[in-house]
Amino acid sequence: MSDAAIPVTGAIKFNIQIGDELTHNVKPLLHEIKHALDNLIETGKSTIIDLRSIPLAPGEEEKILNTLGRGEVQAQLNALGLSDVSETQYAGVWIVTHYNDEQHVISRFIEVTTMPEILCSQTEDVMKSYSRLTLDLGDNLET
Amino acid sequence: MSASLEKGVNALKEQVDSTVASFFSSCVHCGMCSEACLFYTETGSPTSTPINKTEPLRRIWKSEYTLLGRIGKMFGLTAKVDDALLAEWETVVYDNCTLCGRCSMVCPMGIDIALLIRKTREGMAAAGHAPEDLIGATRRAVTIGSPMGVKLPALMAQIKHVEKDTGMTIPLDVVGAEYMLLLSSMEIMNFPEFIEATAKIFDKAGVSWTISTEAFEATNSGIQIGVADIAAELVQRIVDAAEKLQVKTVISPECGHAYMAIRWDGPNLVGKPFSFKVRHILEVLDEFRQDGRLKITGKETQRLTYHDPCQISRRGGVIEQPRNLINMFSDNFVEMPDHGKMNWCCGAGGGVSSNERADEVRLKVFQRKKDQLDAIKPDAIISACSNCRIHLEDGLEEYNMDIPLLSLTETLAEHLAD
Amino acid sequence: MTNKKDKSLLDKTGLEKTDVNRTLGEMLRSQGVSRRSFLKYCAATASMMAMSPAMIPKIAHALESARRPSVIWLSFQECTGCTESLTRAHTATIESLIFDAISLDYHHTLQAAAGHAAEEAREAAMKENFGKYLLVVDGSIPMDNPGYSTIAGISNYDMLMETAKGAAAIIAVGTCATYGGLPHANPNPTGAVSVGDLIKDKPIINVPGCPPIPVVITGVLTHFLTFGTIPELDHIGRPKVFYGQSIHDRCYRRPFYDKGLFAETFDDEGAKKGWCLYKLGCKGPTTYNACATTKWNDGTGWPIEAGHPCLGCSEPDFWDGGGFYKSISMPTENITQTAIYTAAAAAAAGVVLGTMNKSKKNSAVAAHNKTSIDDLEK
Amino acid sequence: MSEIEFLNWVRGQGFQIAVIIFIAGVIIRLAEILLLGRKANLAEAKGSEMSSGLRTIITRSVPDKSTFQRSTFTVVAGYIFHIGLFVTIFLFAPHILMFKDVIGFGWPSLPTPVVDALAVVTIIALLAVLTHRMRDTVLKFLTTKEDILVWMLTILPLITGYMAFHRIGMTAPTLLAIHILSVELLLVIFPFTKLMHAFTFVLSRWYNGAISGYRGVES
């Protein structure tokens, strides 16, 4: 398989010759992304597509990811294992991949949004960090 | 012993063989046979659907010769044959069927429906459900020797006329003659010209022939009414005469069912192969033609068509011969749509013409023949069956059509070169 | 490897008591899990439960306030494959959270305690959480002779009935517990029955499969944990989210079936080209499971992707389907032999019946009275 | 009984019972017919029975022009549903596997969408045939309860097969089991109804051709 935008699941590769768009799910999915982009422009609403819920033949996920390509933003989270968040060559189309701590993909989403929610600092965490910083500063003053 | 249901049922049981069983096993009720039968197409009556006419025989086959039917019979579930059924079927089987066999040619399963109806008649007759008129005709055939009651003196009188008109001698009871000619009562009474024509042709062809004074009647009411015993008795008379005169070939005249009776049913009725050949007059004439014994002069220019008598062409196998012969004296021969083995019956064969009760329907179904004739508008119709000929004349008159009927043998004789 | 993965489960089963009144949200926060991590956890959970991503906020909310349920796991006539499968699901941070969130109070394969101590743990958990605990069962129950399978001298039947009494719901894990499975296969020597055959008054969630897909087991646990309810079930008690569609309908090789392109053997061109495995006995068309989308081994593949037909393991009586390599359109019995014997017997019967026909006809001919002209009228 | 148990039963015992009745029935019926025998024809032959009989087995599949014109619907609809039945029964890959299992050999199949489309066409043709049967005077007159039963048990496997293939209304194992059961019902009634024409047409056409051919007529 050609190099995908994002490393794909699975160490084992089967020697299976597949025809183009075996499940006929690749094109419809790309169209769905197009409509989601349109919806984002018109109404500002985000769309999330769970790639695990779609039956795909070996290689088809790579095909989708290849088509979407790489864009300007690539971010890595370290929260309960790694997560990759990257914008594709189509601005507004993001790929969010969650790994467990054994580097296995546990879920992969295509998010059509201006900014995936998971990248934003969460209010709860911000509040927690405020109190922690306050606490830390207090400690420093004391020492 | 008189006719009874018991005898009828037994007769039907006798009729079942592997052909009957496979035919009934194959029927899918597609109804296509109805469209092959002029008694349906011209009346629209579904009871005239050919396969329906076989119902009494079908019930016997089902209840006596099939596993499920026999089990059903034990529980009274399989339909029975009773007098009421046979009485109801009498008009269906005798008045509305000429045994023309067109249905047998059309059935996609290959069921020989005409054969089944013929077999059904055996049971009907034995059970006393044959039409009065047919019984009368059969009685005359057995007791007098002719269904029309024609006796030897009548024949002799006609022969005298012919001899007087032509100056020829009609050979009677000549031992060792090559051919023995049979005649139908209708020819003797209505068309004595046939005797004259035949005599002329045979004379020109230079063959030896004879008429038996003991067995000159060709028709066989036994096969029309459906009593094999009587049919056999009538055939036996001819066999006896032919053997006595030591002829090589017996000639069946221009009569449909007579040919069926003597040519195809005959040996099977009497239970042994014949020691002589049986040929239809048209077959004999065509043989003469092939041998160059027929010298023809002059051509008919009028538009001629040929009506195939069912028992001679479709059921008898004489199809090419009449056409070969007509083409000798005609250069304007046209075929009706559905000719030859697919020709439509005139509507009067199979005993229908002897059955006064069927007169109305017989003329009604003539519409089919009228449509055929209207399609080609011939100047004259040739046929090779006296019964067809009489009925065609009747029908043409009924429908105000003015087309003359010709006998093939007679027309040929007129064109003989001197 | 197993040890490492089982670690947290074992931790949980060492009769260590945690405060059951704390919500999951509180618990996670106390462990220093960030909100962002929690969101990631919710997203992964939604994906695992085969729920729409739109459900993520709802899941987050539900998990926030979810309480740790006590779980009792009973193993009867089984091969431990289901537990093996479950531990495969328990590989890493995210999923381990789910198990951190439950209190697995009894599981005789995984727990450290043994003998009386183990049974005491079960009884204690039952008593403490009566009416609230979740009962997980794998394995079938022998009804022929209780001696076929006992635990601590207690027959499987007795233990099931006793433990089921106080259960809020029962999850039957694996085809043995759900439909009898292998022990139930013809001729069923132990008289094996399923949980559902014995218990009629409790909600039962059937999670069949031999074994079930690990994330399906955890998915169902998570659903219960998240919403405190049982998921929507199909007509044989399976959660519709996982068992709603047949393998065949979700199979990526389906286009080959539609085109009529089949592998005829395991090593022919068709097999190499990845064609449909129908002819090799694939039970995909009659099997409802999530394999085609969820896949196995951390989503790396599944039997059909590996070139092997589906065995139909999540369906009742899949052992008695005439063979794993016999296509579902084939008869399960040896018809050829039956046909030959039948033909021979029928030929004999046919000769008898045919001869009867012939003799009937002959006697009709013999009974024939010569019909003369005088016999035609009545 | 679970649905898979039901499916296993129809694939196992149920199928076995149906096949036993079908094979035994067909053989007994054929023996019943053939052992009746028929008398030798004593008339001088004008043609060959054998060659004419064999000819008619083939030629009777095609009606003459005039018959076709008079029975166009019956012929066309009949052709369509017979071809449709042939294709759906014998050229559908899963069915061929079944035959292969029973008789030991198989043959190539048609692509599934082709069979699928033909199944629909066949169902439509059979519905049209029944409608015609109910409306045509002659057919209405000839129609017996057996005809209706046979019609129902012929269309049933097509409908259930279509439903099983497209998974309409019920779960796949149940649909498949119902489909197989419907075929088994068809097999059971087969030898005792007009369905036997599938075998006996060879006999009756042969006899027809032989009878005619003996007299020198091509029938």
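Some observations on this one:
Going in written order, the chains are labelled A, B, C and D, and every chain counts its residues from 1.
In the analysis below, contacts are C-beta pairs under 8 Å (C-beta built on N, C-alpha and C of every residue); 3 or more make two chains touch, one makes a residue touch a chain.
What you see is a predicted model; the values in this text were computed from it and never measured.
Relative to the whole-protein C-alpha centroid, the nearest chain centroid is that of D.
Ranking every chain by how far its Cα centroid lies from the centroid of chain B, the top place goes to A.
Averaged Cα coordinates give chain C a centre that lies 40 Å from the centre of chain D. Averaged C-alpha coordinates give centres for chain B and chain D that are 37 Å from one another. The centroid of the Cα atoms in chain A and the matching centroid in chain D are 58 Å apart. Centre-to-centre separation between chain B and chain C, using Cα means, comes to 78 Å. Looking at chain C, one finds that residues 353, 357, 361 touch two or more other chains. The multi-chain contact residues of chain D, meaning those touching 2 or more other chains, are 25, 28-29, 32-37. Shared contact sites, meaning residues of chain A that touch two or more other chains, are absent. Counting only pairs that meet the touch rule, the chains in contact are A-C, B-C, B-D, C-D. If you check the complex, the residues on chain C that touch chain B are 353, 357, 360-361, 364-365, 367-378. On the side of chain C, the complex with chain D involves touching residues 179, 234-236, 246, 248-249, 257-260, 262, 278-279, 285-288, 312, 315-318, 320-322, 326-333, 335-336, 338-339, 342-343, 345-347, 349-351, 353-355, 357-358, 361. Looking at the complex, you find that chain C touches chain A at residues 33-37, 39-41, 43-44, 46-48, 50, 52-54, 56, 91-95, 97, 250-255, 272-274, 292-294, 298-301, 305-307.
Every residue of chain D that touches chain C in the complex is listed here, in rising order: 2-5, 7-8, 11-13, 15-16, 19-20, 23-37, 93-95, 97-98, 100-104, 109-113, 167, 171-173, 176.
If you check the complex, the residues on chain D that touch chain B are 25, 28-29, 32-39, 41-44, 46-47, 56-57, 60-61, 63-64, 66-67, 70-71, 74-75, 78, 136-144, 147, 192, 194, 196-197, 200-201, 203-209, 211-212, 215-219.
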